[in-house]
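Next come the structures, one after another.
First subunit A sits with subunit B, and in the next complex the same chain sits with subunit C.
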Partner chain A sequence: MQSLGVNVIFDGNNLIRLGEGLWVTMRIAFSSALFSMVLGVFAGIAMSARFKPLRLLMRLYLETVRITPVLVLLFLLYFSLSKIFYLSLSAETVAILVFSFWGTAEMGDIARGAVASIPLHQRESGLALGMGPAQLYAYILIPQAARRLLPAGINLVTRLIKTTALVSLIGEVDVLKVGQQIIEHASLLRNPMAPLWVYALIFLLYFAVCYPVALLSRRLENKWRN
Partner chain B sequence: MNAPLLDIAGLRKTYGEREVLRGLSLRVRKGEVLVVVGPSGCGKSTLLRCINGLESIQGGRIRFHGADIAAAGTDWRAVRQRIGMVFQSYDLFPHMTVLGNIMLGPLKAQKRGRKEAQAQAEALLERIGLLDRKDAYPRELSGGQKQRVAIARALCMNPDLMLFDEVTASLDPEMVREVLDVMLELARRGMTMVIVTHEMAFARAVADNVIFMDGGVIVEEARPEEFFERPSTERGRKFLDTFIFTPTHNEKEIES
Partner chain C sequence: MDLDYAFMLKYAPHFAGAALTALRLAFWGIAFSCLLGLACCLFRFYRTPALGRIAGAYIELSRNTPLLVQLFFLYFGLPKAGIFLEAEQCAVLGLSFLGGGYMAEAFRSGFEAVSRVQIEAGLSLGLGRAQLVARVILPQAFAVAVPALAANVIFLIKETSIFSVLALEDPTFLAKDLIGMYYNTSEALLLLVLTYLAVLLPLSLFLNRLEKRVRHAEFGR
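So, the complex of A and B:
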């Protein structure tokens, strides 16, 4: 049994450490997702604004975020900007800022698309009832857009969760980093199977986080269909 | 002689180079039903959309209750609460129940009390025969039922004027009647209405005045019995002829 090397997972406090790493991953992912969702709605409204300069600005923002690797944004904020402006931001704060910056742009584009897909007549029916722009969004456009953006929105959240794996590169100890540390230590003990077991477990942990999110979205979709 | 509720003079509307309404004038008195007919693309739907500010206008004036609502600085939200509009494609809000649809305007735009608004909404549903469907969602209704709810939704704002934009045009034939009946009943109760329609028999029955539009101008304006019996213009005659069919069996050569 010893030769299978599965014990690497249970050695010492490895499980607890992995759990702590997972908690860091989840904290970053879900904080960013929450910020992205809320700010993304406003970004989406700004992207469909009638004021053209605002639309152009939002376009620039979206394109910038899309063509820049997230890793570059992480490095930029963590290693240069925060040093230049004498900010002492923790790696976790930097990660949440960068992922929210990225997620807001993507969520904004999804929200813009969802609002644009609502027939013009819905807007006009609301106007004809004497409703103002804010009421139009609050009672007619956003509730309908929410149903339409759900699949793409959930997809974004799972992408956020997966992309948080990059945070180890700015020194944050997330679940993946903990796994690597465990593997390094195990290799000293000549356990050649350690990477397999550790990564398999990490795979399962990511699945355990992402799957409920997907499940929740399916629930909501079914509920809204009725 | 009381002042007209709606008084339009010299109304012009252009889309870029294309002039859709070319200096159009009309008056509607309180309690009057004006029916607007004409070939597709003659500008009759655009006319309705200009009256409640869904389209900007390039010339002329639109007086409603004596005030020029086409002038700059018009509070369209306030005006639209007094002008109800029903569209061809009904456009109920799909995420709300029938009752929710009808009460949205009164609750949010007019800030009325829930109890009072609901009582009126239910009374309206009773009138159009759909009270038992008040908790249904729009997709559970037939086209005719949806359009009746859309009318009730506009009526619940207690408008002074109702605009109907080809409200039966996308309905199956057997559902047209139930919608027209609701409108006839409204006319009987003295609601002021401007109706754009292709239903000529209905137009004749409901109208106090008929306007025949073509090419962005009013070609003919007459009492319904005059217009439908003896149109005074060639264009009017031609238009009415498109609704008449000569039976073929008189001319058919049947080989024996």
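So, the complex of A and C:
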């Protein structure tokens, strides 16, 4: 295998370093996912509020996030905070802030859609049975909304994991950045094949993480379809 | 915060040019994505032996990996295996690879919405397989899939911001370049946001109207 250069993956502690990089990636993805899910439910409630100015404001927030590429949001926060507010945040903090900002908007829209998809007669039947608002939410609305919310929410997690690859562009040492460091070091050791194997491995690593999550989302969706 | 307006005016045309570069690459990427997506969807719909399986695996692979890693593999990895691609070719190829999976899923949702009755009615009229697809299934499937396809178009155009890593002069690359050269961070970033706004806001509104029109046709009102 020496001539193929595939040994670059197993040299020294390269595998452990890639694992550490993957851990950074996962840490960012899952903390952003957690914030997005919790804040997103509140955003969803605000998006379906009766008060029109609030709804407009949330609509503006959602459209802004949808129209700006995440990479641009990352640059915006990472470079301008220090320049304008003399505030220096670590790349990881900036990444979690940006992904949560983006994820909250997306999750909010999912939550709004989930609540809107419950037929009106469900709420009215509950009221007719003499349920109070708390009972209505606990026994009728939330269980039904959750079945639509959860699969879409888990799907958002795979999108978050994939998007974390961008953090290497603002200097965070995630799995991709570790890969680049390994490639640079291998080129010093005259292993020209390193980029092929390292990038292929990272490609498969992302797939190995995202695919099970995507499968889970699809299975829940099929299970709860009706 | 004071902005250097002269600087912004001077570089605004550069951003317009960079946006055109990104849009040109996005156009080819989206066109190939649609073709690839439709082909994959048809293979899966008809359960074509082997090809249906391959299409299924490809859809999962493209939807569950980041474009950035796909581009790095194409641009830095493949040359080591003897396959040399220009940066622009990599960009279009990467975007098509990513988009194909998403477009296939969008088409699938449309195909699944065409009712069995429609297909059987077509068959009983004596339509051949190709006629059935072209005249019965596709027009109806397309109408249902339009919102998902439109969302994918916006998504893929936004993904072009990642092309900057291949040193292609898209708006994101230009902004980073200007920040590096002149330290006019606020101005460059503001121009960058405005560029995407100018491209995506009209497009998003146009696609919204298109969706409404197609939906209108669907209900036949």
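Details
Throughout what follows, the second predicted complex is superposed on the first by the 199 of 226 C-alpha atoms of A that agree within 3 Å, B and C clash if a C-alpha of one lies under 4 Å from a C-alpha of the other, contacts with A are read in each partner's own complex, and residues count from 1 in each chain.
Definition applied: a contact is a pair of C-beta atoms (placed from the backbone, for glycine too) under 8 Å apart; a residue touches a chain by one contact, two chains touch by 3 or more.
These numbers were taken from a predicted model, which means no experiment stands behind them.
Counted by residues of subunit A touched, the larger count belongs to C, out of subunit B and subunit C. Of the two partner chains placed by the overlay, neither subunit B nor subunit C lies in contact with A:N155.
Of the two partner chains, subunit C is the only one that A:F75 touches; subunit B does not reach it. When both complexes are overlaid on chain A, the residue A:A200 reaches subunit C alone and has no touch with subunit B.
By the touch criterion defined above, A:Q135 reaches subunit B but does not reach subunit C. By the touch criterion defined above, A:S125 reaches subunit B but does not reach subunit C.
Using the contact criterion defined above for the overlaid structures, shared-chain residue A:N7 touches neither subunit B nor subunit C, since it reaches no partner. In the overlay built on the shared chain, the residue A:Q144 is in contact with subunit B alone; subunit C does not reach it. No residue of subunit A is contacted both by subunit B in one complex and by subunit C in the other.
Subunit A contributes residues 119, 121-122, 124-132, 135, 139-140, 143-144, 147, 224 to its touches with subunit B in the complex. Across the complex, subunit B meets subunit A through its residues 52-54, 76-81, 83-85, 87, 89, 91-95, 104-105, 108-110, 153-154, 157. Against subunit C, in their complex, subunit A makes its touches with residues 5, 63, 66-72, 75-76, 79-80, 83-84, 158, 162-166, 168-169, 176, 183, 192-200, 202-203, 206-207, 210-211, 214. Within the complex formed with subunit A, the residues of subunit C that make contact are 1, 60-61, 63-70, 72-73, 76-81, 154, 158-162, 164-165, 172, 175-176, 179, 185-186, 189, 192-193, 196-197, 200-201, 204.
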